[in-house]
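Each of the next two complexes has subunit A plus one more chain, namely subunit B in the first and subunit C in the second.
Right, the complex of A and B next:
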């Protein structure tokens, strides 16, 4: 009997810190978000006006900036995963066959994934800088000065300019994941296909890709969620500008909550953001899972 | 890889080109960090006439990067140690001593993986203000721990559930208490998973921005990402690009050194996070 009681004390003691911190600093704020989203609230005063679903109604039907942000988000989460996926799969297929220097090079490709978004954002704002940046000067150097522009202030290109470092940071990261997956494939699969005279592309398309599909689909979901939630990059490079042309949901949320102090409105947006991320990742997972091949 | 065909040559060309794209910005960053302002406004392709170590001195002392660096080291070290200990204790009990409801607790932790941090920011800010923990590490560190628990519990509970039963039975027979079994036997044999958890959380917290942004306000408490972001704004007016570039280098170098020494573990720890998707 005594031993059993000791076990209860032991279990409770081991669980208490994690459960306590999790409930107070994670679960409570999330539940509280649902509550706050139903009020008009300036954040600093305790006065909260119950407005029901008005915040959601205003966001969805009366806020063009919200929709601008949604469409910029869609650009991010379509363009970034596609380019990143194509590049990282291509390099993975090259690096999966070891060659002299391949280990060193793949470590080099991977390195940007370890640098903070803040540092990367500042670095890239300088790459784009009109007077001291290397991009315009590089374009001039190869005779394309016509393409030079103030990248982060030009509504036509700002979204692409902000997405570029997202790709730059992630290609090596996913490449390393895919290389590991490809090297796990039993070599006989490739050998027999090679003997049959299949081309590199055919082997990749019909053997490699189906066999690493599980990893690829997890990676795609991860890319999409990350693109959805990118904040640091946009906030530091453009703050959503020029005139909202790179505003995304996370930056708009931050502006509403912590600069304009429309806390109720902002939390309603956070709830929609959560629903959006969840829907997109579940749909994507369902959609991609069908093609998994076992080996 | 010797080019044996046109296809190989093209592949090699792409690899070479992409290597330039990856390394170019980093090399440019380091070179520029040693230039005078006049040189920075000149051609980006020239090397500095003299190494301007003074940029680093100004970044370290005047721009406070030294302070931010120590703050980051402190916050990260304390947070990741506590995260791993707290998460390991919980994960251990949840998978090795199942009880009624243990499954639900585990699921609750792990489903936290799907929750974007934004959804909690406003109430979190309000909660910390009410508790008087805004602008203090006493607020920041528990929040970091809370947001790292889902992944860490997920990772460690997966690992603990694979350990053989005999291990702890032998230790119990030797007279260890349940807690002693954990500290002396189970945790040490779980070193690989603990290492992965430490590295994953290190990267997450070392680079974390938005939580620090809403929680910290005093300059002397700011972590590196926050300090750098501020510095960028300040330097727009002071136009001391040299010091800003030096600050960026200072922020990246510790990661670089860690990566050289712990490459395999770092790669493993970083890519594990993709499971979060």
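Right, the complex of A and C next:
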């Protein structure tokens, strides 16, 4: 019995530092956030007014901008993972087969993932610039000036315009992940399928995808989290404008916390965002869970 | 022997007293920490003031701490109750309005009634332009801060271009419409506008409301009064502003440009006019061609308006304040008095080519600043958005959004005044919002 206790103590001794760090830097801030979300607080003095669930009630039932931000986030949540997944899987299946120049080309596709969000935001703001932007010039050059517009100030297209760099930066990153996963598949499977006369699409659909499914499902969770938490890009490119047409939850949170100084209200939003990300991630993990194929 | 022993004891005691006194004197050195926004003015002028102050007050050591994000740097220190002795906050992080709401500012009212530095026949208060002392207020009679620099918001034109085409700066709204038409026919953009910083376009609306419906109407709008937005004059002002867009007076893509991009159109000669603050020459200095000139002028009068034709939007930069929890509040207030003394303000004007709120110190200005100083002089009434933005940040944000929608064509002037009336009502009836009053 004593030996058992000693063993538990031994294990606990090893676990304690990690658990301690986790509690101090993760659990405590989460609890603190929950606590602040129940108050009205300007964020500068220790005086906080208890308002119970009022912040949540106001957010959910009286704040049209919150719902606008939620719907914009949903747009990101649907458009960004789908396009990014399709493109990165496509490029991964192309570059997984080694051919002359494949390393160079895949490096080119990966390159945007190395640039900081701030630089990307500024770069794309220039691409979209109404007078010196390359996009409008390109459209004019190929006779499509009718499509040229003020991309970041046109309510009809601003969300798509902001989503494009988000996709552009991430495709290369996930492509590299998928290439590594595909290259881990023993080549015999592909070879025997080819000999049996399977098309490339059939091979991809029935051999490649099932064998890298675990990586894909993790990647999708990352994408969803990215879609929820994209902040730098939107803030630098549009600050949620024009007139809140590209406001997402994180930019709205920032505005409430650091421009309007409603810390309690902003924190309530952070709590809802946390619940949203957690729920969607868990649902996705559950939905995408399949029996792992051993090979 | 005993006497000698007494003498030694006395000598020892005397030495001890001298030591203690000198130690006391050393301990009396006051270290004053002054935290400033390190922006267009840098920190060199404030260092200069600090050294001058130390010369007059040998027991004070002044440290200047500058940062372009001074509010963000200081936020945790305010939270801990350990702020500097003096702050000048600009841009994000903290605003004075927020500090005042949290009761974290030390009032300077009493000192304002004491004699000014170098002009002892005058009270400090009398040496500062009166309107600027009331823009940081909690509704009481207390004075909470003082500005050194004076900013105005007005229009600018390109004199070389105007001379070349024989144009004159528009005096009236009708002139503006006619001139805009003429400019457009020359293939030039009449007015460079930016849409990214929505606040800037609110200044247009404020001045248009003032010109068209009068200062009382503007006050009622800013005081969130019932029906304020539904006044005929207010609607007409909004219509006139929208007319500029509908007539194509702004450059294409204006709403996708920020202020620097729009101002660049102006200094590159693609646009004839622009509305901007008195800081524009400094802001565009590195971008404008060397021989480029820009001349400020007042927003035109409205012939059918009842407003004051000379009323000026005095932007009124953020105030210098003494935090409530400052270590040396009295000395800090004294430093502010010194900073805003006439000789220091004159030095500021000379060194930084900027205007000041200190009465009589705006001398030997550059040509364009002199025109603006004259505008300030001529303006019987001034107004500013600064306190409003601090009191009702959410309402102000809504105003900015709706103004963008007005310029995008999403809202008509009629819808605009309706949604703003509702926004005012929501804020007015929000039990969590404390209401204040302006009387410009």
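Everything below uses one rule, namely that the second predicted complex is superposed on the first by the 264 of 295 C-alpha atoms of A that agree within 3 Å, B and C clash if a C-alpha of one lies under 4 Å from a C-alpha of the other, contacts with A are read in each partner's own complex, and residues count from 1 in each chain.
In this text, contacts are C-beta pairs under 8 Å (C-beta built on N, C-alpha and C of every residue); 3 or more make two chains touch, one makes a residue touch a chain.
Worth saying up front: this structure is predicted, and the values here are computed from it rather than measured.
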- Message: According to the stated criteria, A:130 is in contact with first (subunit B), second (subunit C), both, or neither; which is it?
- Response: second
- Message: For A:198, using the defined touch cut-off, is the partner it touches subunit B, subunit C, both, or neither? Pick first, second, both or neither.
- Response: neither
- Message: For A:260, using the defined touch cut-off, is the partner it touches subunit B, subunit C, both, or neither? Pick first, second, both or neither.
- Response: second
- Message: Which partner chains sit in contact with A:231 here, subunit B, subunit C, both or neither? Use first/second/both/neither.
- Response: first
- subunit B versus subunit C as contact partner of A:273, first or second or both or neither: first
- In the superposition, subunit B vs subunit C on subunit A residues touched: B
- Task: Could you tell me if A:209 is touching subunit B, subunit C, both of them or neither one (first, second, both, neither)?
- Result: neither
- With the two complexes superposed on chain A, say which partner A:153 touches: subunit B (first), subunit C (second), both, or neither. second
- subunit A contact set shared between subunit B and subunit C covers 43, 131, 258
- Can you list the subunit B residues touching subunit A in their complex? 1, 7, 11, 14-15, 18-19, 21-26, 28-29, 32, 40-41, 43-45, 86-87, 89-90, 92-94, 97, 99, 105, 108-109, 112, 114-127, 142-143, 145-147, 149, 153, 177-179, 182, 203, 206-207, 209-210, 214, 224-226, 228-229, 232, 241, 244-245, 248, 251-252, 255-256, 259, 263, 266-267, 270-271, 274-277
- Name, in rising order, each residue of subunit A that touches subunit B in their complex. 6-7, 10-11, 13-15, 17-19, 21-22, 24-30, 32-33, 36, 43, 87, 90-91, 94, 97, 99-100, 102, 105, 107-119, 122-127, 131-134, 137, 141, 168, 171-173, 176-177, 180, 200, 218-223, 225, 228-229, 231-232, 236, 250, 253-254, 257-258, 263, 266-267, 270-271, 273-274, 277-278, 281
- Query: Can you list the subunit A residues touching subunit C in their complex?
  - Reply: 40, 42-47, 128-131, 150-155, 238-239, 241-244, 255, 258-262
- Message: So in the complex, the part of subunit C that touches subunit A is made up of which residues?
- Response: 75, 78-79, 92-95, 98-99, 101-104, 195-196, 198, 251-257, 261, 265, 393-394, 397, 401-402, 404-405, 408, 410, 432
